[in-house]
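In what comes next, subunit A is part of two complexes: it sits with subunit B in the first one and with subunit C in the second one.
Here is the complex of A and B:
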């Protein structure tokens, strides 16, 4: 029982899953488009939420958001389910597969045997599509991998019921019904408005532009407050969240720039193309932050690599993005 | 990032490539494969070095009889008592007690079995530690 599924390797797991599921359902969209419509771009720094002693730093929204929001904005009816018992969760998966439905699943990364050792961390926000079963193995379209992979059923059960922060609880999701007509342009603009709102007008100081400034203030004080080795660990953690596989580079800024470019062509709005170019420049600035930060982590900083300089660069990123979002807001109004 | 600048540094992903978004010579965004990027690799290896140090410290404590072998197996799987407890269905304080050698040696076989199944090892392995700490740290393929 194998479903013919249009697997495409993607930069990010959830936008990849969303794009591939929608494409299978008949709405052919790119990963960048799914990411933008689902308003996946975000920044959050929550110093009091710790994972392994390190603060929560994220460049994307909460797991599940991209799919849910993209489906809503496109008028797609989705279904999702969580489970208490692994046996029930497996039955539900098998039932959907038998009906020819490819199923999205949230899993932990740690227990997936096909993951490279370097990425085996207890991270519960991974997404994949189960698109078949052969004997004791599931056939999986994991968007960050080049081709389909196999995973023994017991290991998938484990991954679906991994524990800790954001535990997936076996969460499954799939498309239930597609609309007769879709308005990709309107959905894209709605996605843009949502990102601008959360980045510019957040009521909490941990998110959006305010979150970047908060992080810049804290980052400056890391060496004095935490000592050199802990400060370097915090910095490395931030670089991992920004650049490790699954962001498409520059903390999702490049994938978002790709989305803006596609939307510019779709709607015939050249001003969005200019904003795409500015977003690319913002991504490049984040990358240069990572380059300097990594030199500190490695213990080989150049004279200009200080925490103060990094904080300055972070503030420059924040101000540059503030301008981008306010201009974007005007365009998408 | 331009397509020609997509980094092709050392790979940590066992030869597998990831994809990045980059701008081609006509200014169009394309998906470009990347084998790896050094700053990201440095941050990843730093995280693994920390895990390795933590496992080594716990391993030494087990060898000296200050902690039970469970502490080593827990650290090897990057877990803390709360996470391990949620996997085996025990509160954190009970897992913490089981890290004491005197308590661990008196555990009932059924409980040992639960730990062993979760950690994918036999009960005999659970009650000992190997010759040296076993932890798979990613290696760099040049």
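Here is the complex of A and C:
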């Protein structure tokens, strides 16, 4: 049983899965549009939540929120389910596939055997679409790969029940009913307002712009508090979260810039095009921060690469974004 | 100005060796060898990849935008050079 599924490679797994599932359902949207409508942009630094002994740093919302929010704003009825037992989870998946329904799944990327060994990492928020089964293998549209891939059922079970932070617990999701009409522009504006609210008005100190400032304060104290070796470990972790895991800070900002550009054209709002360019510049600034940090971690810092200087750069990223979200809020009001 | 094969690959090899401070670099052009990872003759890891992305943007005005683009583009010097040629051609 194989479903004719419109696989497209994408920059980020969940927004790619969202765009591909919606396109299969008849709502043809780009990955950037899915990311923006699903308000995928976020920042969180939660020092008391550890992943592999290192603090949680995230540049995106919780797994599942992009799909859920995008579906809601487009008027799509979705279904999702978690499981305690792998057998039940596999039965549910097979039932949906037999009914011709492509199924989104949250997985632990480390356990997916089609990932090259050098690129495997422990990350439980990796999303993919299961779109068929041939014997003991599932056919998978994994948006970070150029084409469909195969995965033995036992390996997929293991990935779906990966342990640790953000454990997927077999989570499945799919489209249930689509609306007769959609208003893409209104959905895009709702997504923008949500991101501005999260980034500017969060009540907790570890999210949004406040979270960036909290991280800057912590980061400049890492060498004194943790020692050089542990400080470099923390910094390397942060840069990997920023530049690798699920696309990261710089990459997410480039996707969001593409979303703003598309929305500018869709709504005929040139001011969104200007904000798109500012968001691209913000992505470049984050990437420049990462390069300075990488040089410290690799033991080849330039004179300007110090933890204090990195903290200043991080604050500059935060303040630049504060201004962008304030202006975006006005445009999307 | 677009550089032709293999001048661009050679230039990139020198640029990356300098930017990432590669110790004991290969003397021959390693155009098809893995650029990043345990099999890389340059000994580059994912933190070096960030630096490669930025130095390419600075030198060639070509942005490697996303993780998945970078994963493909940074497979080898040749895939990186091809990407730069394509992007410069498109611009």
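The rule we apply is simple: the second predicted complex is superposed on the first by the 328 of 333 C-alpha atoms of A that agree within 3 Å, B and C clash if a C-alpha of one lies under 4 Å from a C-alpha of the other, contacts with A are read in each partner's own complex, and residues count from 1 in each chain.
We adopt the following convention: a residue touches a chain if its C-beta (ideal position, glycine included) is under 8 Å from a C-beta of that chain, and two chains touch if they have at least 3 such contacts.
Predicted model, so just to flag it, every value in this text is computed and none were measured.
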item: Three-chain arrangement built on subunit A, subunit B and subunit C clash or fit; value: clash
item: Partner contacting more residues of subunit A (subunit B vs subunit C); value: B
item: Partner chain(s) touched by A:122 [first = subunit B, second = subunit C, both, neither]; value: first
item: Partner chain(s) touched by A:251 [first = subunit B, second = subunit C, both, neither]; value: second
item: Contacts of A:220 with subunit B and subunit C, given as first, second, both or neither; value: neither
item: First, second, both or neither for A:232, with subunit B first and subunit C second; value: first
item: Touching partner for A:144 - first (subunit B), second (subunit C), both, neither; value: both
item: Touched partner set for A:10, first subunit B, second subunit C, both or neither; value: both
item: Touched partner set for A:261, first subunit B, second subunit C, both or neither; value: first
item: Contacts of A:32 with subunit B and subunit C, given as first, second, both or neither; value: first
item: Intersection of subunit A interface sets (partners subunit B, subunit C); value: 9-11, 118-119, 144, 146, 236, 239-240, 243-244, 248, 254-255, 284, 287, 290-291, 294, 297-298
item: For the subunit B and subunit A complex, residues of the former touching the latter; value: 1, 12-14, 16-23, 27-29, 31, 34, 37-40, 42-44, 46-48, 50, 77-80, 83, 86-87, 136-138
item: In the complex, subunit A residues that touch subunit C; value: 9-12, 118-119, 144, 146, 236, 239-240, 243-244, 246-248, 251, 254-255, 284, 287-288, 290-291, 294-295, 297-298, 300
item: Complex contacts: residues of subunit A adjacent to subunit B; value: 9-11, 31-32, 52, 110, 116-122, 144-146, 163-164, 167, 232-233, 236-237, 239-240, 243-245, 248-250, 254-255, 257-258, 261-262, 276-277, 280, 283-284, 287, 290-291, 293-294, 297-298
item: Interface residues, subunit C side, partner subunit A - complex; value: 20-21, 34, 36-39, 46-51, 53-54, 57, 63, 65-69, 71-72
